[in-house]
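To start, the structure under review is shown below, and the notes come after it.
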């Protein structure tokens, strides 16, 4: 009886079933709250032609940047993809496909994917290049565009604490896209700093209920800082 | 004389009201936080999922899990809340943020804004800018009135790809404060020592000028 | 002999698998919780916002703020989570609940279900039933095979207003277990002592019967 | 300088501006988590022709039932409206208009209203009476109907704890529709059991950020139980 124990002890088990050409949703904002170990493992696995749905694409030698470098990513769906020279090279040469999506629309598309909502209307992007080819409809005399939801074959999530049943708590702004990513993967894999006893997380303080989570792996994190800014007197 | 970046930020700060929730973009808008009038309180929203953003951390407070939308390390003030990106943009899209301050490449007399993409240059993405201009109740654009070649950024029609349509109604530049309404820029204030004629010469779009255009005041 | 309500619940409980997240409707479905096989674990979802519903409380545990979707006072098990109605139905609509068990007035051979409204009687509302039948991966309907006048509830076409279309593929009645596929009911098991002929006579919709229809087994 | 202190000390202040004919969204599920004191105050005020958006409509002498009795409600938008004899009488006589909405669709319509999403597609209700007059669209070969969002002139919310800036924490399943209601009112009024010091709620444990909240009033609650069920040995 496995019951609800979702803890795995190897990255091989955590990413079992990930194959070339799949769509992977990843939490994280810049380098904050990214599933560092899962990304590193995909590099080792050499899986290619991946579509990544992630707000950003890391830097040259950290985060999703390391998969770009190995040409494992075919397409990025992101809101902001600066800070990465290799990205620029592959994009300009046509090796990498990029679908730029407004940040709030991206967050809502992933939430909708997890919540069984295939599409929604938003005013964001109306009249801009983002609206090209999309349905327009008026509500209360304002124009909105129809945006379709996103789901993934896998979702990669970074959380702070998990219990064995997959209930998750995030730490500060490392939360960002992780809660939505957790809901929208056919297989959701979570990398956590700490695995706690089931029952020790208060039911109303859980950010992501375990029903969304398939596999949990404990790890430690480098937590590289992208822009170190300190108070003046420091 | 045209305003410095700090002076633009100081003038924008006069738009803040007590109890406002405010989103400040990267660049000059970030500086606005330094000039909040002493007699009011505002709360800063950072679209990566933080309401109640505080100052940069000391070495002791430094935490890689606490950043703002510019990916800078920050702190949270008392009363702050932290939430997901979906919740953050529910606030923004739903019109709950009282004021957004952001930069732009161009604004036109119909309230359109271009701020994220210059064709021919690498496209880095719009981040949250399209959501912010579509969702905020109130937007102030900060920018220089003209580019370094003297070409106006206040146009009849934006030439660059748009970030949003018909959404901007206030601009603070290094030369002037302007409203946008009824298909025209309306000159409200000029920078100290800057003539109406200079502003006219730097504004390509339709410009409405009243008989008396006061100089900006800084306390 | 036809099954009792408890026996229907016992048979439905055999559909549970280890690790399943399950939503149980009001009535017979609620009883299923009493018959979860000893060697497996399931977690119960209650659509008012509780995952990991436990048994009814003792007097000491009683808390008006802890109820289930039937508005009964309940408890939460270790590992439970509590969330908003929007989150609860995100789970349901998004297909994250493994199994839903609910009652019905009628089911037809195309998998349509009518369960919330009898015209002429007062309409009390569908509650979460429409969301559950549209969202669950797997649905088991429990009901008596026929009404008290002997009229079949397994029809060619539902006569009452629908709760959902083409969504039901398994039914456990007091007489039989049936699948629905390709526009027909398929008889899988019969209640102990109930003949195939009796089931045929109580089924109005198209019924496919294999050569050997086993009796249900209860451990 | 009022700053972010949203606490009011009288129900008159809490509901100032509520007028005949307005739309009011109320949290609560059955009698659990309802804003008891705000409802009682509306009875006192005698405001009429109200449209109430609430999952249920209380019982004859508690919850929204007391406003029904006084004929202050013109229309209910709800998912389930049993347990109320006066409701039945007014509905059958045509005095009360009722718009039945599936529970999950109702929750999502209110969330969408607060989040600036004017409409979304859902499979819920396709092919049923709920779909009448609504647009149908296929995504991945499945049929979905277009549902429009809901906003209110007022939202009435019941929470457990609030700080003065309006950050809210709900207690157990008294959460239910309250977090969505909080986001979708032009004026959001929250009735709470306890007002705590600003800074004492952990930023990641806040259920509703204060940006959604306009007024807070402290109260005590009867918390009537609708269906008392106890373990067998009790």
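Note that the chains are named A, B, C and D in the order they appear, and that numbering of residues resets to 1 at the start of each chain.
In the analysis below, a contact is a pair of C-beta atoms (placed from the backbone, for glycine too) under 8 Å apart; a residue touches a chain by one contact, two chains touch by 3 or more.
Owing to the predicted nature of the structure, the values given are computational and were not obtained by experimental measurement.
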item	value
Between the pairs C-D and A-C, the one where more C-beta pairs touch	C-D
Chain C and chain D, separation of their C-alpha mean positions in angstrom	29
Geometric centre distance via CA averages, chain D-chain B, whole Å	35
Distance between the centres, which are taken as Cα means, of chain C and chain B, whole angstrom	55
Interface hub residues of chain B, defined as touching at least two other chains	50, 76, 82-83, 89-90, 92-93, 134-135
Two or more partner chains touched - positions in chain A	108, 111, 115-117, 122-123, 171-172, 175, 203-204, 207
Chain-chain contacts as defined at top	A-B, A-C, A-D, B-D, C-D
Complex interface listing, chain D residues touching chain A	108, 112, 115-123, 137, 139-140, 142, 144, 148, 169-172, 175, 203-205, 207
Sites on chain C touched by chain D in the complex	46-50, 55-59, 61-74, 76, 82-86, 88-89, 92-93, 112, 117, 122-131, 134-135, 161-166
Chain A residues touching chain B - in the complex, by the definition given at the top	29-33, 55, 78-82, 88, 91-92, 98, 100, 102-108, 110-111, 122-130, 171-180, 207, 223-234
Residue ranges of chain D in contact with chain B within the complex	1-4, 111, 113-117, 163-165, 167, 183, 198-199, 203-204, 206, 209-212
Contacting residues of chain B [partner chain D, same complex]	18-19, 21, 39-41, 43, 45, 50-52, 76, 78-83, 87, 89-97, 134-135
